[in-house]
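Below are two complexes that have chain A in common, paired first with chain B and then with chain C.
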Partner chain A sequence: MELVCPAGTPASLRAALDAGADVVYVGFRDETNARNFPGLNFSPEELEESLKKAHDMGRQIYVAINTYPQAGNLEPWYKAVDTAARIGVDAVILADIGLLNYAKRQHPGLRRHLSVQASASNPEAINFYRSAFDVQRVVLPRVLTVREIAELIEEIDVETEVFAFGGMCVMAEGRCSLSSYATGKSPNMNGVCSPASHVEYEQRRGKLVSKLGEFTINSFPNEEAAGYPTLCKGRFVGHTGDPSYLFEEPTSLNVMMMMPELIQAGVKALKIEGRQRGKAYVHQVVSGYRKAIDAAMKGEPVPFMDMGNITEGTRSTAGAYEKNWR
Partner chain B sequence: MYDKNVPSRVLPFTPMLFAGFMMRPVPAFSLKPIVKHVLTRMKKLYPEIFSRLAVLGNTSFLIDPTDLPYCFCLSVKEGETHIDIWDDDSDRSGFQAVISGPMLDLIKLLEGRVDGDALFFSRTLNVEGDTEAVLTLRNAVDSADVALADVIGVPVPFMKPGFDKLFSKVGSLFGNLEKDFVTVQRSVLHPIARHMGEVDKELDRSADRMRKIDKELVRIKTSLKKSQQSVERGR
Partner chain C sequence: MSSQAMNSRATSSKAKLTLGPVLYNWPAEQRRDFYFQIADEAPVDVVYIGEVTCSKRAPFLTPFIPEICDRLEQAGKEVVISTLSLVMSKRERKEQHELVQDSPWALEANDLSAIGLLKGREHIVGPFVNVYNEDTLDYFYENGAQRIVLPCELSGKAIERLLSSNKGREVEIQAFGRVPLALSARCYHARSHGLSKDGCRYVCEQDPDGMNVETLDGEAFLAVNGTQTMSYTVNNLLGEINDLSKLGATHFRLWPQQVDMIRVIEIYRAQLDGAIAYDAGQETLSELVDFAPFSNGFYHGVEGNRLVE
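Up next is the complex of A and B:
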């Protein structure tokens, strides 16, 4: 079982490697990746230096180029693929079929993974990506139960990578337009869900009020844990007059205790979300998951590790993996 | 954008709060050379931070350690970063963003020992104003492995091992004190929190009763209206 960990900066990458990551995934400092936040990500020079360090330690680096190229402006995406290939990264994580085709044609030796942003969750879709673009691995959306994942693996000839910890995205990934409805920018095209330029926090009568564009999306009383300013985790006033969460409460995904089932299902890699988080987060989560994987692979019980201090809303869930609401 | 008349914070019960009481007679201007020395050293040791900050253009941050009687003004002007220290009651207008929280947590954040989002989720850290600028600053600082002991530095190299040891001792002393303060705070606040919990429950029950009364009132009014209409029709 491979542990795939996030890094938004070279310091986070070092933290991930020191904590036991098998692979670190990163993005370039532009709109070609789905974590296009200010001050984050890697320049080609930083990536080159980081790749040398990772390879010296016997580890790997994947590069996410997983937003959808804009019509009439394909160059940044082509350039990102070319740069990743020139530097010699171990794989690129792509979502767009045009870009997959470009990478296959221009750099046939460059390993291609299908991003979660492609939202491929059934055998027909995944087998198509395999036959058309020779993808070696698919990152599955966070909408399947462990049993569904096991059944899917039986029907495909591609490695699977699943999210294990971090942001709990409840939408159809790669197809969510909530953020662009409110701000004109989306994670799919611009690499930003709730872009910071449109987010505002205010202290109002002892409450923390979060706003996205023109919309007030939450109001946290003092002492209540806060969450990210995303519309899918907004608290809205319905016809009952009481504000409540419409889609999902602020919470993080954590499937550490389901590790034996995921191994049994035949999952090849576990992915930690959070390139936008600090190196302290990266170190804590990666260390915890390293211990958990090592224990589970030896057939030992997975030790309980409290991650409450770094989760959104200080809560976590196994989400769709156990789908206990059905 | 920052209104100092709005009480947006509760002073945290920390060792720094008491250190701050003792430092109150020390005016901010006397600390300026130390603060400027820290920034100069950081620029020398961690240039990557400042190259990531350059994209900000002209932005000024108010960094407010809520348990100290001072605040810091960090500004980026045409790619150059500057810092100043002010007394807590100075004019705070004109800042694009305000970051406030206990001093020890701000130091941990600077050294990358704690995750900024986690501090925000737990409401330890408060952010107001230009969120994009705050994120840029957070990401820039997190891009380097900052060690405060190296930043402060020692005048003569042979003293470094002793200095590092002393720095680490002071750090763990403050860490332990911080835990003790949390314990004391919990013990003191527990009975009050329990009482407040009961008051909250009673308020919820009262709100429920009020809602039921409101519904009943609407029902009575409707029924009264219908009765009046049937009386009028009968005339």
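Up next is the complex of A and C:
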């Protein structure tokens, strides 16, 4: 079982390697990746240095180029793939059909993984990407139960990588325009969801109101910590007239206790979300998962580790991996 | 050139109107009657049918599909069956395989699984498939697509760029109706009723235009349609379709809502034909659509919920 860990900076990358990551995944500092945040990501030079360090330690680096190239402006995405190939990264993680086609044509030797943003949720879709673009691995969308994942693995000849920990999309990834509906910026087009540039906090008589664009996403009594207004994790009013977390509570994915089942299912790699998080987060999650994987692979019980301090809303869920989530 | 030949050329270059599949859980008999009325009265060229949103609803509509399609074809409409947008379970996969194998009608592929199964066969790429740039557009045409429906969040600028590289092939734009914004494995309709997806009691049937979702301030924001999340606002490109048509868009999609769709279709047709002034058309549309305001923000490259005059 491979442990694939996030890094938004060279410092986080070192933290991930030191904590036992088998692979670190990163993005370039532009709109070609789905964590296009200010002050984050790698220049080609930083990537080159980091890759040398990782390879010296016998580890790998993947590069996510997983937004959808903009019509009439394909060059930045082509360039990102070309640069990744020139530097010699271990794989690129792509979502767009056109870009997969480009990468296959221009750099047939560059290993291609299918990003979660492509939302390939069944064997027919995955086999299509395999036969058309020779993808070697698919990152599964967070819509399947562990049982469905096990069944799916039986029907494909591509490695699978699943999300294990971190911020969780409740919508099928890459098939969501909620953010652009509220802010004009979306994960697919701009590499951002509920972007900080459109977030505002407003003090209103004894409470703090969080807004995204024009819309109120949540409200917190002053003594409570205000969460970030991610659109699908806000409180809204549906048919009952009472406010509720209509889509999802502010919660993080954590599948640590399901590790034996995921190994049993034949999953090849576990992925930690959070390229936008600091190196302390990276260190804590990666160390925890390193221990858990090592234990589970030896058939030992997975030790319980409290990660409450770093989960969103300090709560965690196994999400769609359990059927009752639906 | 004879005047007849000129006429037929003028007709064949005119943009077509399409009726998207009903995205909501309308009772099957109501859907049948709706399509019969469309067949008899609506000046629409293409009609898409099928359960796109939730496979649990499909068994109710399926028995009616042959008679609906017959009636539409007799009325001269092009009929297309739309496939499920999020395919996960064995049952969903089996049903999709059967559809691809047996359908006497053309298919609209709404997931890459269907695109894979239809490779080399003529089909339509639906709006739930990500087509953001000319490379992807080209790839799908070469894979067998005769027409490609563009995703909702593309700006007019991006659409224009795609239309300049479609080499005369068919491109369809979503022009009217609440826009499907997101798909999920989870059913928010069931969740809002304290139920799970498996035991949903089909509560989505209670909201034939979707369940309105408001913010804590009481501001209308989104609409929930089972596993799908829709815009609260009603996308309306009446003012933009003639420009898009000149740029090469060949089809405009109107999503069914619980309004007088025949009239909506007539207004769009009249606008394309230059038979009605924009203001008059817009005024009638405003009277017909009373459940939510219009928007066109995606087209204008701003927040999708906005209306740019």
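Convention: the second predicted complex is superposed on the first by the 309 of 326 C-alpha atoms of A that agree within 3 Å, B and C clash if a C-alpha of one lies under 4 Å from a C-alpha of the other, contacts with A are read in each partner's own complex, and residues count from 1 in each chain.
We take it that a contact is a pair of C-beta atoms (placed from the backbone, for glycine too) under 8 Å apart; a residue touches a chain by one contact, two chains touch by 3 or more.
Because the structure is a prediction, the values reported are computed rather than measured.
If you put the two complexes together on chain A, you find that chain B and chain C both fit without a clash.
Of the two partner chains placed around the shared chain by superposition, chain C is the only one that A:G213 touches, whereas chain B remains out of contact. Once the two structures are overlaid on chain A, chain A sits at the apex of an angle of 110° toward chain B and chain C, using CA centres and rounding to a multiple of 10.
After overlaying the two complexes on the shared chain, residue contacts for A:G39 are found with chain B alone; chain C is out of touch. Once the two complexes are laid over each other on the shared chain, residue contacts for A:E148 go to chain C alone; chain B is not touched. In the superposition on chain A, contact is made by A:G174 with chain C only, not with chain B. By the touch criterion defined above, A:N122 reaches chain C but does not reach chain B. When the two complexes are superposed, the chain touching more residues of chain A, out of chain B and chain C, is C. Look at A:S186: by the touch rule set out above, it reaches chain C but stays clear of chain B. Contacts of A:A196 after superposition on the shared chain: chain B is touched, whereas chain C is not. Applying the stated contact rule after C-alpha superposition, one finds that A:R277 touches chain B and leaves chain C untouched.
Put simply, the nearest alpha carbons of chain B and chain C end up 18 Å apart when the two models share chain A. Partner chain A is touched in their complex by these residues of chain C: 85-90, 92-93, 96, 111-117, 119, 128, 130, 132-140, 151-154, 157-159, 161-162, 179, 181-188, 191-193, 196-198, 206-207, 211-219, 221-222, 224, 229, 231, 297-298, 301-305.
Contact residues of chain A toward chain C in the complex are 68-72, 74, 95-99, 101-102, 118, 120-125, 127-129, 131-132, 143-144, 148, 151, 170-172, 174-178, 180-184, 186, 188-189, 209, 213-219, 232, 234-240, 243-244, 246-248, 320, 323-326. Within the complex formed with chain A, the residues of chain B that make contact are 6, 8-10, 48, 52-53, 55, 109, 112-118, 120-123, 126-129, 131-140, 142-145.
Those residues of chain A that touch chain B in the complex are listed here as 8-12, 14-15, 37-40, 195-197, 199-203, 208, 220, 222-228, 250, 276-281, 284, 309-314.
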